[in-house]
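Each structure below appears as structure tokens.
Shared chain: chain A. Partners: chain B in the first complex, chain C in the second.
Our next item is the complex of A and B:
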């Protein structure tokens, strides 16, 4: 990081002065992330923050491609990883970074940790997946919603039948989507457990009441320290600025 | 190749030789249990030799990070031996290279505790 040119570091420090926070909500389906994301968003708005939400696999450029390939079940593990990484990069560059630089708070409903957990479970090499998301753009805080595979499975089953890829049927080859989901999510949660240690997630006990979880998140949000871009995110922002000459000088 | 873990003592230092695939439900659980056992039994100086591993996933790296914390809380220390380029790359990308002390030679790793 110390090798970065001084003018780049100055520009990043300028952006740092007025930037918003990037908060990530991670966890398996059925862990209550969406409910908590909405609650945090409305609380933050009440506190005077401008808040933007970005959801996993939602890039207007890439999502239609992923959706079409999923519908015909034609994604292998490598393509699955690559397309989601493209989707992530597109949203990072066109939604997340512009919003942060405009001083808005961004809440990401899933981040690249989702890919690390799912893709490695699908058999992809961890180093290879990490490289797809490098240079890493570090968020300020990651709230990880921890539930048991049973709870996740029950909550999903109560609402809907999980889709082919969501239930991991592409790798379990089980005919029943719910059976497959239980098997798949157990392995995904094992990867999340490792990621929680590696990336120092704040773990939220997602078996608690919605109210208690929200209070916990609020209290930690107030205390959470921002990750200095000049220390953590120089390479990622340099990449982004290279493609956006209008952002380079101020 | 399934993961395998053996423990040996070099003076005051405990060396854990790990071989094979360190993944969820295989090697990572072995590491967790062994380090927990060492911490409660009063062992302070632990070197994890990764020279024989063929692959490590997030759960394996996560157990090593937890191991550093566990040993730290027990008043000890955990260091890595022969992490290999792939592990080094992972540690660098995740900024964990500042958390682990890593060595290429066993003698050097053992002497680092004195």
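Our next item is the complex of A and C:
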């Protein structure tokens, strides 16, 4: 149970009143997340929502640092985890939370579950990775796009050659990127299966038609309940407000 | 024949120049022929690149600490551990304590900070710079400088003085360069 001071809880309750929803799309590459994200965004806009999208490893500040190191393949598992956690935190603090507090709906194309699945596959300790993302800011809903490793591999192969880190060549040490991807994604999906049951994801059958998936997401979005910030996200918001005095008082 | 592993010595403080000078002295005094080198913050180039950014939003203390940690992992991989494997001693200046003290001074939970640096091996011995009050007047290590006043961000956002707080926390460590060789 939260031991947060009463004024903090009051402030969080104030922010809660007009906040937007945070919807997360999770799943491996080639599972159709991006397509569904765009469809949901268009539909939500039509319904009158103001929608913001945030993508994995996309912050203006940290993305160039990661990109430069990926190009020269210099990241080991620990650095990989830390750099992605930096990018996530920076986006959470400067994009996601301000947008939510302004009443916008945020669709996150991947969330910290991606790090848990990938980093643990790379050999990082689960509790250490969890700590990087703590205190965790819980989204309102997580849609997990479930797909077989074969389908994911085929879809990726049809489009492009996966990059060195995307294909997990840093840990499989296989010369062929597609072979490596198939091996790596199998292990990542194993991690995702565990996460889906622990964190109660809404599973979307990503082998279904694009239309059916979209209808399913729409229907669940309509039914989805908000996660009360005063119950789930007190520590994460307190952490954020600590560096945002302008947000502390209304 | 197996080579005996070198030792890792931490020297904590905020001033780059002081850390390098005292780090070299510390290495001479303690290690003699086994002196490997002094490893400093920023070897990965992360902070240099960060300062080139035109992004208007600067990183929060927690994000910065994770960047320090990434930089430290780089130093361990490419500077510190290879020399130790060769049987040479290395002074890490600064190492974990400076960043931890800075994090706690910035209001970050001490346990979170401790868990963050769990990957870093424990040093054989840890010291701090001899003149903490004088060094704070100098140019602090540029990774700390980002938060400590270059942009006015820190003062604006928190109203406390993290450098002085940080130095106060480091006072728990023994000061200065030991005059005798060995421990």
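Everything that follows uses one rule, which is that the second predicted complex is superposed on the first by the 249 of 250 C-alpha atoms of A that agree within 3 Å, B and C clash if a C-alpha of one lies under 4 Å from a C-alpha of the other, contacts with A are read in each partner's own complex, and residues count from 1 in each chain.
The criterion applied here is as follows: a residue touches a chain if its C-beta (ideal position, glycine included) is under 8 Å from a C-beta of that chain, and two chains touch if they have at least 3 such contacts.
All figures in this text were calculated on a predicted structure; none of them were measured in a lab.
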{"item": "Overlay on chain A: chain C relative to chain B, clash or fit", "value": "fit"}
{"item": "Chain B versus chain C as contact partner of A:195, first or second or both or neither", "value": "first"}
{"item": "Partner chain in contact with A:65 - chain B first, chain C second, else both or neither", "value": "second"}
{"item": "Contacts of A:134 with chain B and chain C, given as first, second, both or neither", "value": "both"}
{"item": "Chain B versus chain C as contact partner of A:86, first or second or both or neither", "value": "second"}
{"item": "Chain C, chain A and chain B - angle at the middle CA centre, rounded to the nearest 10 degrees", "value": "90"}
{"item": "Residue contacts on chain A - larger count, chain B or chain C", "value": "C"}
{"item": "Partner chain in contact with A:243 - chain B first, chain C second, else both or neither", "value": "second"}
{"item": "Partner chain(s) touched by A:116 [first = chain B, second = chain C, both, neither]", "value": "first"}
{"item": "Touched partner set for A:220, first chain B, second chain C, both or neither", "value": "neither"}
{"item": "Smallest separation of CA atoms, chain C relative to chain B, angstrom", "value": "12"}
{"item": "Contact residues of chain A, present in both the chain B and the chain C interface", "value": "127, 131, 134"}
{"item": "Complex contact set, residues of chain A against chain B", "value": "116-117, 120, 125-127, 130-131, 134, 136, 187, 190-191, 193-199, 232"}
{"item": "Chain A-touching residues of chain C, taken from the complex the two chains share", "value": "46, 49-50, 53, 55, 57-63, 66-67, 69-70, 73-74, 77, 107, 112, 115-116, 118-119, 157-159"}
{"item": "Sites on chain A touched by chain C in the complex", "value": "59-62, 64-65, 68, 76, 78-79, 82-83, 85-86, 89-90, 93-94, 127-128, 131-132, 134, 239, 242-245"}
{"item": "Complex contact set, residues of chain B against chain A", "value": "24-25, 28, 55-63, 65-66, 69, 86, 89-90, 93-96"}
